[in-house]
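Accompanying notes for the structure given below.
Each chain gets a letter, A, B, C and D, in the order it is written, and its residues are counted from 1.
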Amino acid sequence: MNFDINLNINISNFIDTSTLLYIALFSPIVGSLIAGIYGASPKRIGIGIIVSSLIFLSFLASAGLFLHLYFGGSIVNVRMMDWISAGDLSVPFGFVADQVSVTMMLVVTLVSTIVHIYSIGYMEKDKGFNRFFSYLSAFVFSMMFLVMSDNFLGLFIGWEGVGLCSWLLIGFWYERESATWAANEAFIMNRIADLGMLIGIFLIYWHFGTLQYDEVFAKVNSIPVDIISMIAIFLFIGAMGKSAQFPLHTWLADAMEGPTPVSALIHAATMVTAGVYLVIRANEIFALVPEVGYFIASLGAFVALFAATMALVNRDIKRVIAYSTLSQLGYMFVAGGLGAYWIALFHLVTHAFFKALLFLGAGNVMHAMEDELNIMKMGGLRKVMLGTALLMLIASVALSGIYPFAGFFSKDKILEVAFDTHNYILWGTLWLTAGLTAFYSFRIVMLVFFGSARYKDFGIHPHEAHGFMLWAMTPLAVLAIVAGLFEHQFIDFVTKILPVYNFSEGIHEIIGQLVMVTTAIAVTGITIAVLSNMFKEGLFTNTFKSNFIYKLLDNQYYIPKIYDEVFSKPYRELSELFWKSVDLKIVDATVDGIANCILSTGENTRGMQSGNLSIMLRLMVIGITVLLISAILYSYADSILTLLQGVLN
Amino acid sequence: MNLSISLEHYLLLSSILFFIGLYGVIVRKNLLMLFFATEIMLNAVNIGLVAISNYYGDLTGQMFAFFIIAIAASEVAIGLGLLVIWFKRHNTVDLDSLQSMKG
Amino acid sequence: MNHILTILIFFPALAGLMGFLVDKKSIKPYVVSITLIELFISLYLWYGFNSAEIGMQFVEQANLIEAFGVQYLIGIDGISLFLVILSTFMTLIGVVSISDDTEDLRELLLTILFLEMTMVGVFVVLDAILFYLFWELSLVPMLYIIGAWGGNKRVYASIKFFLYTFTGSIIMLVGMLYMAYLYYQASGTWSFSLLEWYRLQLPLDYQIWLFVAFFLGLAIKVPMFPFHTWLPYAHGQAPTVGSVILAAVLLKMGTYGFIRLSLPLYPDATVYFLTPIAILSLIMIIYTAMVAYAQKDLKQLVAYSSISHMGVIILGIFALNPEGITGSIFLMISHGIVSGALFLLVGVIYDRRHTKMIDEFGGLASVMPRYALIFGIMAMASVGLPLTIGFVGEFLSLVGFYKYSHIMGIIATGTVVVGAIYMLSAYKRTFFGKVVNSENSKLSDLNLREYLTLIPLTILVIVLGIYPKPILKPVDESVKAIISLMHQKAVTEEAKKIIPNIKIGEEARK
Amino acid sequence: MFEMIAFYTFAFLIIASFIVVVTSNNALYSMSALASGMILISGLFFLLNADFLGVVQLIVYTGAVIALYAFAMIFFDTTKNLIEVNSKKIIFLLISFSTILLVFIMTAPIKSEAVTALHPIHQGVGNTQDIGIVLFTKYLVPFELAAVMLLVAMIGGILMAGKKMDMLVANEEIQEATK
């Protein structure tokens, strides 16, 4: 299939590309401010429309830039103004639209536009409607800032900005204790990773003398390798936080407390992929240290399997999808770690489409079920909401990696890379994960849309979402189906700046078998899921539920509990201890002790000042005696000392 | 055996007298006795000063003693005046009755 | 305007004396306009300031005690310029924030005017004796503000504040006198002029003793761990305006003293003590942040967070490179604005509920949304989120310090984590959740007076976070001058190695 | 030899009479012993070639001071014995200890030979003449001050012990009583 378009459009004839870049970047923040002004006032539908159209404008601008680059335009790099300059450090607000960032911009704005439109329907009954749009657009702005910045510190602005918006949006329903708790957890865990990121930036500054991408990458070969690997490790720690890699992964599942469009946009399509974006963006650093890359790939494979196992048993529809996101992020890191950067980016793009679609579908289900999340209480919903069922089915098939859906192309490439670099353990892990992925995707689909209508027992009357919401989701569905077909165009486009990954000669011969094997396990997974749910409700019987492994998985390997016991509680107790025992009882008490000492000296000696002359006279004599003694000691000090020395020796 | 009287003899005498006076100041409670004891102490110092003056051939010591006598005389004049007033008001010259300074 | 600095120092005090003639109803407008004029004078100073010029500007000189070389010597460089503006600005904000029904309003306002004189004085004088004079004088109005308008334990707090800082500065005075004596021995004339002292090269063992004497005085004021315990009491008991000025300006005197006195006078001793001080600052950052997390009183929490941030400032100063010191000066300004704003915000709910206990609140976001918004912005600035004022200084200080030590740099950067933990958990407990306490359900949102104080601060937080250059540039030039002076003065090899050799002025342009 | 006998005799008598002064329970005895001690001290002065001071001692102390005490005692009831309660051992300890100390100090360091006379005693010139010269040159101002001081003390003494003062005090007491 070849969609080679011979329309050579030179977009810069119509409009200045830097203007396009500014429009793409700043129209979301304009929307956010407009919505923010009405933040505390009652819902206005107009706000949602204005904000969505501004995001759409941003999408159009991004698309313009994309076309400009696609048809051979030069990379757009603008420097808006100086930000921080002190000593030798000089950081501007600089933005770049090259092949990588424009791809990200396109994905971000496209998914954002859809999520914004969807949210008009989803949030229609929420009293924080305007506030929601303000936060959501602010997020888009931060994300655009992140991907468009031309230096590491600018990236860090966006990085923290998305963290802030994520905090605001997870805790959007701030009256819920669990939501605000999850928001804080996400923010703080990200901050821990940001610490690593900052250290990486410090290292880059002190060794390269600059933070601009192009200048850093130009000098990268003149820096000792151990420094480079330290930089790579610290930057990756930053990426681990944002992309929720083990051991900083727990926040992502808890982040599902936020409204579902937020989960779709932030915690599936865009923000969590920022870590992958960082690895791709800094590929020239990571490429120099394959050991670090191998570590990244191994961790990615581990997370892929680890998250997939947790997704197997969870009964919360959103959490299952969240674990699946984790798992897919693991795939991307495998590709990134093994040096196949364009494949990582490709999987990032396709994953954004079908995962956002999956979340939005889950949002519809949630709405229909009156915010019920437990899939055991659903079932047979296809009768009431056929559109949603269809969309979710598409997304699930894409996620499972069935030809010709988008997920097939990107995921299969990752497996091939793992095989090609002779990392058979990684390949095996990913292969197994592919089967698990197919299984849990269809487990959800089966439990939610097929089988008996269990919801009736709970007195719930589901209804289909607004039509425009479904229409808004349609582009995503289309892309989830067809995106993989543009693989060659994608390669040509992004490898203009990303390194090309060359498969070895031998792999072409067995590539057919590999595809077969992978597809086989995916199909097997789907089959098991379908069959097991056709005949009885759920695969897991009660006896199985008392199994140790089931419990382990159901409790997320007890990791949240361990963190609570090992970090949260000791931190709180240590803080209390520091305050009550150390600060008040040692540090402050020492100071007060000195003061009390002086005070008690006064209290004890004030008896002297009784006004009685004879006592005063006696004290005077004591004073004279003391002075005399000291006078003698002073005048005979030398002889006394020699005497003492004689005695001691 | 050296029978001549040296400076040390005088100084020793001066010290002994001074401490007789000091003893009086501390032990006695009668204000009049305190005055007497003070006189003794002043005179003890005078002996020391004059003796040093003699043994070193310097007049400064005698000058000091001279001024000390002047001060002693003034002190007695004023002190006794105060004492008389005190006695008139309180009908006692006991030291422990002087408690008006107690805070 | 040859005497603009003199006017700047003494205008508030004179106006304060005149204030006794003003009748009680119009005293607040009077004082507000005085502080506003003072702010404009200081802004005019900025306008007239030439950032390309190296050295002191607007210098005025007169002999006070000729025999001992005590002079009335004042002048500013890029560092003091912004601290002066910070003082005048925060005084204005503080004065506006005072409500009209405060008891003894006139006395409070006039006390603040005297305080303003001493604050501006400390930042512009260049004579050690005069510096000490203003330094100590600043204690008196503050003692009065805490002791007379404070909370229940105000007497304890104010006396602790006074005696503690006074003890430190007495030791510093001894150091100053000894320094003057050394200068006399070296040059044959007495002088207390800092500019003269800068030229004096001392052997390391002298520097160590003098550095310790100065350090005690300055560290207690900052306040550095373990001399910090007076601060929570002072903040806990002070009225809102007192806390605002204390946190925003008075603490900066200590860090300013490090830059103005310790560093250029004793470069070798600075390097000699670098590691112990860095360790103290690290303890200060992490430990006080954890103590802040354990607080139950919102104001105490902000007070401890203040200490934690001052630790970053100290680290930036002792990074001894232009990035670090410039960053720490910017952080002083940003901390002044942010902590001032946070204390004002705590004051807002204290006015309404007469309690500062976090447990008493909860769910305020739905009752007072605008208040929650501004508090959120300030909390984020305090956490050091990029594009707020807090990030610029924190980043520069940490990047500067990181050059000195890798491990300590990582621990210091931990401030971004521990800071987020206490700030977010306090924000969550105060603003999120349901309104449980019925007393909170009818609280009114911000009123006009509170908007007048908070909006300018919020604007500054954002604007300076996005565009810090107007401040960074003059500061950077002056910092480079100090560092190059330190490098030239240093006598030990180690100090020459650690303090970078920076070319300034004409040399740099070549 | 004469000097030795004279010194020891005087010293013994002075110590004896002063011990009587501080230990006697009768003020009259004390005063009489004090007077005798003063006279004996003047003897020591003559022995030390300080003729002028010896005369001054005789005139001022025995003549003026003791006379003053004698007059003052008219006011007090001297017939009854003075009863004092005081028996703290620490005082005796203190006294003896510091006596030893002081003796130790007084006798030890003064031996230095480096002392040079500021105002040397001139051989062949009378002591009174010598003193006169020093007193009216070097010590003129202190001398005049001492004179003024004595005058002030005299006036003060007269005023305080005088009748009018007595009246004043009485008036005050009446006023206090009527309040």
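The rule we apply is simple: contacts are C-beta pairs under 8 Å (C-beta built on N, C-alpha and C of every residue); 3 or more make two chains touch, one makes a residue touch a chain.
The shown structure was predicted, so the numbers you read here are calculated from the model rather than taken from an experiment.
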Residual chain groupings, excluding chain A and keeping positions: B, D | C
| item | value |
| --- | --- |
| Taking each chain's C-alpha mean as its centre, the one farthest from chain A | D |
| Approximate Å spacing (C-alpha centroids) for the pair chain C, chain D | 66 |
| For chain B paired with chain C, centre-to-centre distance based on mean C-alpha positions, whole Å | 63 |
| Approximate Å spacing (C-alpha centroids) for the pair chain A, chain B | 94 |
| Distance between chain centroids, defined by C-alpha means - chain A, chain D (Å) | 98 |
| Overlap residues in chain B, where contacts from two or more other chains coincide | 22, 26, 29 |
| Per-residue multi-chain contacts in chain A, two or more chains | 618, 621 |
| Two or more partner chains touched - positions in chain C | none |
| In the complex, chain C residues that touch chain A | 160, 163-164, 225-226, 228-230, 287, 290-291, 293-295, 321-323, 326-327, 330, 363, 365-366, 369-370, 373, 380, 385-387, 391-392, 395-396, 398-400, 402-403, 409-410, 413-414, 416-417, 420-421, 424-425, 428, 431-434, 466-469, 472-473, 475-476, 479-480 |
| Residue ranges of chain B in contact with chain A within the complex | 22, 25-26, 29, 95-96, 98-103 |
| Chain B partner contacts - residues on chain D that touch it in the complex | 1, 3-4, 7, 11, 14-15, 18-19, 21-22, 27, 30-31, 34, 37-38, 41, 44-45, 48-50, 52-53, 56-57, 60-61, 64-65, 68-69, 72-73, 75-76, 82, 84, 86, 91, 94-95, 98-99, 102-103, 106-107, 110, 115, 117-121, 130-131, 134-135, 139, 142, 146, 149-150, 152-154, 156-161, 165-166, 169, 173 |
| Chain B contact footprint on chain A (complex, rising order) | 609-614, 617-618, 621 |
| Residues of chain A touching chain C in the complex | 39-40, 81-89, 153, 156-157, 160-161, 164, 167, 171, 174-175, 177, 180-181, 183-184, 187-188, 191-192, 194-195, 198-199, 201-203, 205-206, 571-572, 574-576, 578-580, 582-583, 587-588, 590-591, 595 |
